[in-house]
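Sharing a structure here in structure tokens format.
Here the chain labels run A, B, C and D in written order, and each chain numbers its own residues starting at 1.
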Amino acid sequence: MQIFAILLIPLALSGIAVLPGKTRSFGVFNAAGHFINAVLAVWLSLDLLRTREAAAYLGFFYADLLSAFFILTISVINFIAALYSIGYISSDVRDSTMSERKAKAYYALFNLFTLTMLSVPVVSNLGMVWVAIEMTTLVSAFLVGFYNRKESIEAAWKYIIICSVGITLALFGTILFYYTASRDGGVSSLNWTDMAAVAGDLNPSILKVAFLFIVVGYGTKAGFVPMHTWLPDAHSQALAPISALLSGVLLPTAVYAIIRFATVINICIGTSYTGNLFMFFGLMSLGISAGLVLVQRDIKRLLAYSSVENIGIISIGLGFGGTFAIAGALFHVFNHAAAKSLMFFAAGRAVKKYNSHSIRDIRGMISAMPFAGTMLIVGAFALTGMPPFSAFFSEIMIIISGFTGGFLFQSSLLLFFMAVVFCAMIHNISRSVFGEKPSGMAAEGEPLSGKLAFGILMLIICTAGIVAPGFFKELLTAASEIIRGA
Amino acid sequence: MQLAGNFGDLSGDYLSLFFLFTILLISVPAAVYSTGYMMGEYGGKKKAVLWALLAAFVSSMALVVLTANAFVFLVAWELMSLLSYFLVVSDFKHEKSVKAGTIYIVMTHIGTAFMTAAFLVMFRYSGSFDFSALKEACSTMPPEIKNIVFLMLLAGFGTKAGLVPLHIWLPYAHPQAPSHISSIMSAVMIKTAVYGMLRFVFMILGIGAIWWGNLVLVLALVSCLAGIMYALTENDLKRLLAYSSVENIGIIMLGVGASMVFMKMGLPAVSLLALCAGLFHLINHAVFKGLLFLCAGSIYKATGTRNIEHLGGLIKKMPVTAAAFLAGSIAISGLPPFNGFVSEWLTLQALFTGAVNTGGSYKIFLCVCAALLALTGGLAAACFVKAFGVTFLAVPRSRAAERAGEVPLSMKAPMVFLAAAAVLLGVGAPSAIRCISAVADSVIAAPAGGITLSASLNTVIIASAIFTASAAAFYFMRPRRTTECNTWDCGYYKLGARTEYSATAFSKPLRIAFGFFLLPYSKTEKIRDSFYHVRSFKYEVFTTPVFRDYVYEPAVKLVFMAARQVKKIQPGSIHVYVAYIFATIVLLVIFMGRF
Amino acid sequence: MKYLLVALQIVVLIAVSPFITGLIKKIKNFIRLRKGPGVFQPYYDLAKLAGKEEVISRDTSWIFAFAPYAVIGSVTAALLLVPAFGPGISLNRAGDLIAMIFILAFGRFFMALAGLDAGSAFGGMGSSREMFISSLVEPVALLSVFAVSLNCGSTDAQAVASYGTFRFSTLVATGALFAVTIAETSRIPVDNRETHLELTMIHEAMVLEYSGRSLALIELASHIKQVLFFSVIAAVAVPFGNYAVKMLVIAAAVAALEVSMAKMRLFRVVDMMSFSFVLSVIAVVISAMGY
Amino acid sequence: MAVGLILFGILVMAFAMVAAKRLSALIFGFRAQSFFLFMLTFILAWRENSTQLYIVTTMLFAVKVVLVPNFLQKVARRIKADEDLGLSVNPTVSMSAAVLLSYMAYLFTGKIVSIPGEFENSALFISLSATMIGTFLMITRMKALAQILGLLVMENGIFLAAASVSGGMPFIVEIAIFFDILLVVIILGIFVFKINRLFTHIDVDKLTELKG
């Protein structure tokens, strides 16, 4: 039953947001609501781990451990983003970049956005998954174009159009799935559980074609190169908390959809087909984004390309197959979400303070804003997989499985591109964080809500790799078992 | 889901303990030194951060040498790099520090990537990261895989060690870090790479082929020569020391490489001797390079400059620092009875014994190795005559040098301690060698009886002979009457700092003789009042860092060029973007059979 | 007994060393058809200098005062290692021929520092050139020592000296060792001690500031160094025949060379040393071939 | 037979839209195509006599034949968009390309998917053609409104596939998809307004501020 609560809380919050009242106090209320959501998500995972059975409600809502993992990741990041929003929005309201009314609209949209994202993993029907993902685009488009500046409107337009094109292709793939399920499998249903049950009877060649459409379609939303083109625009123009959500959890949500289809195919024709496609898109994303990170001058676009890179890593992990690699990929989803949120929050503060997106202009952050500056550089290391930060562990899990699974060439490329991205990232970020701050700029602290948000993320990043709670490990293992179709 | 292996296992063999000892031997004095060094330099908060980083850094190094699990090794290794990065950029207001830090972490990370790949290839065969399991697995590994693993390990550890041509980060990172950090980095951190080589190549992988040793020998020789030549032409004291570290790593690796060659030739006793020499030089270099960096820090603290062309005459202002630096210089030049001499002598002995016991081309190769090592020694002496002479002797060349004063006790004491250690390790060499041969014995299974030398060396006798002879000469010839006078000026009345021999001039003969490698060029600038009267004349001389200019910069340029090309795939037109999606799906459908 | 012999040997060699210098000068003058000073002139010079008051630059430090003692100490210590009067008369436990090279470098290190200490341009120039040449000489010295020692399998001077068979490789190596000797003893064509022309002087430039007793020490040290190198050739590399005769022959050869050649340009020394290096490599090759 | 004609009509309308040079023609083409689609689903609903399909058919008529085209026309009038579509490829070449795309779709359905059944095969062929032509329109037409129409043509194609090949998707999904399309169009319309206000044109090809 936690699922309903998890869905209802954001819905209710978005309703409450438009009621009259002070924005700041609503922000606190909002964060509290999302905190409850995160707790519920943990509870749900624990419940499911105990029963080891998928929970289905009304034949429409459905949650197994894979869903639980995604719900957990999404709700945790939602909570932190909500927390960070308090300080961010009220400072925007204070310096009148944003009217009180717009702030309310922000909170309403924020909650709708989280609602749509949370509804992706809790529906059993692949058609509804499609609808939910399309909804995430539509809602977040407003958040991308929130400031109504030329660039943000341009970004929003590109975002909707490209994602809609992609998602239309995904719908075609879904239809092909449905077609073979109803004709060869004899189940007129879009529930993957039903499909998986008859997977052996399905027509392999139709499944293969269908999966291409699925990968390209949802891959557009997930940010696979070369369909990633909307991503840097949207991420760089959205508000910082939204950028974090877009990058940290929205992209994996699309990956989740692909995973659900892949599971069915894996049962039918084995893992090598989907695995190869995952690796192909993963390496492509990694390679191209490595170059783009290197020569990027806009700090938020830099982070956006880094998201492409990380989605690539996740995808390669999924492609390697095997419980360990897939668990690594899922773990990386979580770690990337945490580290990337941290980076976007810090970058958002920098962009506001320096009033520029350009790395050339953002100098000496560590003197101008010691807290955010430290977070940015530490986040850069965390994101690129330096121990003791958690991303190192997920990345090494993936690479280990690559080597042991015999994907020597792919793993070597993975290592190489990761090294390039690391270099590029540090090359760019270190110049922003260190150095002399612009003359006449006063040092500035971090508001309490921001400090809390950063603190929680830092805690997650530092500890998740080393002392992750037992249930979390179990969750990862169980989820990866589900993906393998075991 | 779980990785097999015992992550908590520590290795307590002699090798680990030896490295732990070395780490502590340098880190503790350096930490004491830092109390004085940071005084007045940094604020309270920053000091606390630096202290915490320092403690974590030293602990991570200790973990690197103590763990018995390759995964933990990797983690500790990365931690070590990360923490030292933050220490390098601790003077973050300077653009240079940031650049140095970036170059450092980038190079290190590339090295670590190679290491990771090597570990994972080994892991593929073992299924566990425990050293013992890895070792077992390596015995069943096909030779060609072994070769690849070795090359990757060499690239990985070579980067950290600063073997030419992977040394590029050293002259950037070491000068920019605070001096006690440069001291630890140069004295011990780069040695962890040698530990890695010994642990993973000698003990786990096993020497696969003789060309491994040859490769290491050649790289080591190139490091020796290139390092010392760059050091000779360098005028920034800390850069000079950093380049000298490249040279000394070369000497250490010469011992290691020779040991590999001899092992494969079936000469375990000689192999042991060579390894002993390498290990002894390792601890020696740690001591004197640590010492020299601390001295350089004191000089920087006292004068605010690291450019030796602006120094001079400091021996009168900072007598203790001068004495300590002198001790370090003598030691690093390999002069008896200090410690550097003994390890260089041992290395030469190892090469000689090897040459005696082998025939044909190896005899010649090893002899040439020895000769080039001697050349390195000679150049090192020249280099440190320059460093000490120009910095401490004669007349101050700048106001800063004139006003310099001795550093506080907290900085003096560690320097004196390390200088004493340098003497002790030299004079007490026979005992030290015994200990170290036990360490080397734990690395390679050598026949009983320890090392055998073709000639014996007793530094105590040499030291006492020098001392007795000097004292006797002093007794009989002690000056009775002396007159103080100006330096002889050839009749020119304005002798002073401007007419002194400069560091650049000092190294000029060598710059010319080794011009084929250093590729020197000069810039002159004349300001004339009229055709006949030149008011000022400026002459600057530079050398070309060939590895940077011909290897790294083109490579980096190429990467950036490629990246800029990649950037063009994102032209901003939504129509192009939609076309991408369309083309992707069409191509995928066409090539569906390939997946 | 052995230690007494060694001590005696050192005392005798030190006492004789100025004589060798005087002898070389005499032979040179003889070839040049000049009369020249007597063979004992170096003794007179030393005595004269020892009695003189010292003039010291006020810019110098203790390094300047200490250097002469370091030099004399190092050459004397090096002398311990050479069995000049016959096999067995050296401290073989103290070190070997390699150690000898390094011990000599110790004195040179201080001498070069002393050259820089007064702040005169001459001293610096001298130090620079001295270190330049010595760093080039070092590999040749080492390789020729290796070549000589390879045959008997030990670098111990004693063992080499008592190695009975004559090998062709030793002869070739001796040639290289002779070049080293020329360079180390500041002889033409590498250096010229008889001139104080700023363009050419190396060793003399370095010690230009010295006077009185310190200068006497330095002079004595260079006499001893000369004897040392001659002895290495005479006793170690060519361990046959009468020691005194061999010393005379070497002295005559040096004198002849000095008279018959002009001093080289500084950078020609590089060529000479490369040539000697090749020579010693050839010696190693010959030794590897078994001759 | 009737079904075949209707399918043919859908394809012809797609071609007509490629040939269209003016916005109103494009919107009309879309309306006509949607109407053919409506007829097709109506026939299917009639054949299977399912209430759900009737509801879908009704919604199709309401959304795609009436609401969306009207809305787009209204938007075009409100922002006083000129009729020009901003063709980057002239109609003749566009037509040849569209024919080529159809041929590819034909090959694809025949060779790769190889679905038996005359009707399903040709329906899939037509739907793929429509989808690809829609994409083609999006790639080669510079104006924002034309892009919306391209997207809608794609959706039409997909809908055809959904309706005919699979014999109709689950009801709730169909409804959700209609709702979704309506929402997409409305939101895109809002953004067209915003673009028009900020840039004073709706030539999306000139929106290249964000690149690299």
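Everything below uses one rule, namely that a residue touches a chain if its C-beta (ideal position, glycine included) is under 8 Å from a C-beta of that chain, and two chains touch if they have at least 3 such contacts.
On a predicted model such as this, the values are computed, not experimentally measured, just so you know.
Q: Which chains end up together, and which apart, when chain B is taken out?
A: A, D | C
Q: What are the chains that chain B and chain D both touch?
A: For chain B paired with chain D, the chains in contact with each are A, in label order.
Q: Which chains touch each other through the most C-beta pairs?
A: Top-ranked chain pair by contacting C-beta pairs: B-C.
Q: Can you tell me which chain lies farthest from chain C, using the average of the Cα atoms as each chain's centre?
A: Taking each chain's C-alpha mean as its centre, the farthest from chain C is D.
Q: CA centre of chain C versus CA centre of chain D: separation in Å?
A: 99
Q: Averaged over CA atoms, how far is the centre of chain A from the centre of chain D? Could you give it in whole Å?
A: 31
Q: Rounded to the nearest whole Å, what is the centre-to-centre distance of chain A and chain B, using the mean of the C-alpha atoms as each centre?
A: That gives a centre separation of 44 Å.
Q: Mind pulling the chain C residues that touch 2 or more other chains?
A: Correct list: empty.
Q: At least two other chains touched by the same residue of chain D: list those residues.
A: Touching at least two other chains: 112, 135, 138, 147, 204, 207, 209-210, 212.
Q: Which positions in chain A are in touch with at least two other chains?
A: Residues 157-158, 161, 165, 169, 209, 232, 292, 295 of chain A each touch two or more of the other chains.
Q: Please list, in label order, each pair of chains that touches.
A: Every touching chain pair, ordered by label, is A-B, A-D, B-C, B-D.
Q: Which of the residues in chain A come into contact with chain B in the complex?
A: Residue positions touching the partner: 157-158, 161-162, 165-166, 169, 208-209, 212-213, 215-216, 220, 226-227, 229-230, 232, 273, 276-277, 280, 288, 290-292, 294-295, 323-324, 327, 364, 366-367, 381, 386-388, 392, 396, 399-400, 402-404, 408, 411-412, 415-416, 418-420, 422-424, 426-427, 430-431, 433-436, 473, 476-477, 480.
Q: Inside the complex, what are the residues of chain D that reach chain B?
A: Those in contact with chain B are residues 88, 104, 108, 112, 132, 135-136, 138-140, 142, 147, 204-205, 207-212.
Q: Under the stated contact criterion, what part of chain B meets chain A in this complex?
A: So the residues of chain B in touch with chain A come to 1, 3, 71, 74-75, 78-79, 82, 89, 92-93, 95, 97-98, 101-102, 105-106, 109-110, 113, 116-117, 120-121, 123-124, 127, 559-560, 562-567, 569-570, 574, 576-578, 580-581, 583-585, 588-589, 592, 595.
Q: Note which residues of chain B are touching chain C in the complex, please.
A: So the residues of chain B touching chain C come out as 312-313, 315-316, 322, 326, 329-330, 333-336, 341, 344-345, 348-349, 352, 355-356, 359-361, 363-364, 367-368, 370-372, 374-375, 377-379, 381-382, 384-386, 388-390, 392-395, 454-458, 461-462, 465-471, 473-474, 477-489, 495-497, 499-502, 505-510, 512-513.
Q: In their shared complex, at which residues does chain C touch chain B?
A: By the definition above, chain C touches chain B via 50, 53-63, 65, 68-70, 72-74, 76-77, 80, 91-96, 98-99, 101-103, 105-106, 108-109, 112-113, 115-125, 127-129, 131-132, 134-143, 146-147, 149-150, 153-156, 159, 208-209, 212-214, 216-217, 266-267, 270, 277, 280-281, 284-285, 287-288.
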